[in-house]
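Common to both upcoming complexes is subunit A, partnered first by subunit B, then by subunit C.
So, the complex of A and B:
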């Protein structure tokens, strides 16, 4: 086995937790059942690594096969690193009939035109997602498999999710994607996070939203026993309704942060030095939690955040983004920046 | 003379006075009770009159609606009176509310007012073959222009294109109809794929996409001949394919009448039903 391949395999096994490695190896059909059973996962990692390297050498596996293993692992466990989302704009007339074979061909051709030494692997997952793994080389060197870029795209939808892309290589990828999906432009969707499924669900609108309807809700009346009457029942129900309209109903996509970059002028009548400055007061407000939408929803329904929910917060779901730049040009946004200090 | 006053005329007079006074105070509790009862009678009378008026209005409304339906002569009501105009409006309003409710029950859209009349929320129900599937909602602002503010329609449905094609300000009905068509077609195609996977486990799905606008299937004909079938749904407002291509290695089969029949079946029937028919014919194993 080549040195670089061996190195890559060793690194892959080292980086992957044993339990996930075991699961992925079972799905990988390059090893015989006997070989799979011969790996003892209770031994220390370096022993497992050695065993696997030996087995792969026995089978004469190459870099191509090992990258297959890595890709399988990433598809099953995508929640590492940070995923950034992009939106394709201005589809051509035949954008709707782009099918997988055509897309694969076109993408590989376009990317190889822009950079000669790339290693591209495209795989379609069962939920219609097209996964692309790109190992970048340069004009002089072979592809570096240790730092691959992963791209996820659903054909016929305008969104692309990317992980681990350097800014130098970004224009190459963007151009290839735009051309092969038959669109005219691509832009940053300002939504990022560690959980791929969360940002995907948010953009593809695969979460439950609450809309006003004429149907009487089944739990409208709370039966309070005896003379105890909840004075604030109506107010509480109204807060809950507005919270679920702004932040969704039931299980919401697990976003972990929301960032607001403020470029607004400082406004405080009691502090003349700051207010007199001409430049905007630059600051960044970041909300983070294991599930910020759930937290915001709870704040709004409990009355900690004022209702109706400010558009700054409800824009997260409405516009599908978690990075905002607030400037003074939008008067509504400017007047409400002061409410952002929860 | 003073000693005789306790038994004399003055005393008698004073006694009479006291008696008269006491008799005067007796009717007072009775009077207040009578007053109470009289007030109650008045209240009940007004309530009865109110109910009578409501009943009358309802009867008039019914007659108005029937007369509008039957295009019969107008009842002898004062044409210009304020009350008749109000009654006519009320009749029209109740007719429209009933129509809206009926439309929603047959699977049309529901419209709800939001934000104190400044917006509306439309709900479009979708279904396929008698089964209710997803409901999609659109919230719209009506001031200053009609604009979609919030919705739960998936991004692969070309909502913006459809909104541009039919002017939202004037042709909202066309927009909703086209959108409903697209959504029902998408949901129908998706359901067909699901049913096909359930009912025909021997047929392999080689390729599909999230919009369900393209399907590549592989099934086997008798004598282990593998056939690749490509279904193209170019018209996104329909549940049936616009193009069917069947491919197989055996050249002779492509000319057989069975082949042509299979093609036409796949074009005319939903995919799961077409495959059932083809299985019956013996074309597919």
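So, the complex of A and C:
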């Protein structure tokens, strides 16, 4: 077995928790049941690694097989690292007819044209997602399997999720993705986070939505009987309604953070030095929580945050992004701009 | 902006009506349930987040207004302070009371506790400390509130709310100067 393969296997075992390792090895199906049983998972990691290396050498497994193992582990546990989302734009006429085989072939050809030493592995997951693992090399060096890029794409949808991509290699990947999915452009969707499923649900609108209505629901209209009367029941119900309109109802996607980059003028009548400055006041506001939409919804429905919810916060769900650049309203940059009304 | 008036309506027979004002809406419902366990008088509980209340002609006369303040949160105190000005001055003759929760929490700044005591003392209102974590604590708090409520509603012979107010007026001012850890 080559040194690089050994190194890769070692890193893989080190990163994987032992109980997951057992399940993944069973799924991998490259070891005989007898070999699987011979691995003692109670021993320290380096002993497990050594056993696995011997077994792999016995079976004559190569780098290709080990990457398979890694891919399986990542598909099972996608919530690691940070996933960035991209949106494909301007589909061509035959964009909807791209199927898996064609996509596989096209993607590999396009990427290999741009970069010679690159190892690509494509696998279709049960939930219609296409998982792509790319190990990059350079013109002279072999592909580096220790730092692979992962790409998840749902065929016929305009969204792509990417993990662990350097800015140098980004244009290459973007170009081959655009060409192989028969689109004309791709742009950053400004949504990122560690939970792949949450990001996907948010972009593809796979959560329970609540639509604005002026009528209270018939249940809320009934007068509460009984000796305990809430004097402000109406205000409370409307706060809850507005909160769920802005942040969804039921279980919402588990987004961890929202970042606002402010490039607006400083406005404070009591501080003239800052207000009269021509340059914008630059700062970054970051909200983070284990489930940020849930937190915002609670704040709004409990009356801690004022309702109706400011468009700055409600556009997380509305536009499906969690990174915003806020500039003063200028006719030139109308698409990204919103009046800062905080 | 509608002032809440204590004497604009006739009282009901053997009935006491209490208004629980709490910004966080956490304790009020449990406290209301505990208050309803009382059988000797008919207790009616009304809940609010803050004052003023929406205009409602059919609202009965409210005998006691309780402001529940969570000492660990500044907005809770500020909301109670802001709500006070929507009460008719007549209420401050023994028909308002403050209830403080989480006073034993380590994250409470002593200055806030002093501010609440100062507020209660300057308005001549009783100040109660309650435990909101356990059911026993809530029952204890409800029990003490009932004692004041019966007096405020005029259901205790030979006692009036004004009398209660006078009692607190005699005892409270020196209390303000004491350090809060006594």
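Rule of thumb we're sticking to: the second predicted complex is superposed on the first by the 314 of 342 C-alpha atoms of A that agree within 3 Å, B and C clash if a C-alpha of one lies under 4 Å from a C-alpha of the other, contacts with A are read in each partner's own complex, and residues count from 1 in each chain.
Note that in this section a contact is a pair of C-beta atoms (placed from the backbone, for glycine too) under 8 Å apart; a residue touches a chain by one contact, two chains touch by 3 or more.
Values in this document were obtained by computation on a predicted structure and should not be read as measured data.
Within the superposed three-chain model, A:234 lies in touch with subunit C and out of touch with subunit B [touch as defined at top]. Contact with neither subunit B nor subunit C is seen for A:47 once the two complexes are overlaid on the shared chain.
Of the two partner chains placed around the shared chain by superposition, subunit C is the only one that A:302 touches, whereas subunit B remains out of contact.
When the two structures are aligned on the shared chain, A:158 is found in touch with subunit B, with no touch to subunit C. In the superposed pair of complexes, A:274 makes contact with neither subunit B nor subunit C. Set against each other, subunit B and subunit C differ in how many residues of subunit A they touch, and the higher count belongs to B.
No residue of subunit A is contacted both by subunit B in one complex and by subunit C in the other. Across the complex, subunit A meets subunit C through its residues 227-232, 234-236, 302-304. Interface of subunit C with subunit A (complex): residues 19, 23-25, 29, 32-33, 36, 43-49, 53-54, 56, 59, 75. Those residues of subunit A lying in contact with subunit B across their complex are 96-97, 99-100, 124, 128, 154-159, 203-206, 209, 211-214, 318. Within the complex formed with subunit A, the residues of subunit B that make contact are 110, 112, 114, 121, 123, 137, 139, 149-156, 207-211, 213-214, 232, 234, 236.
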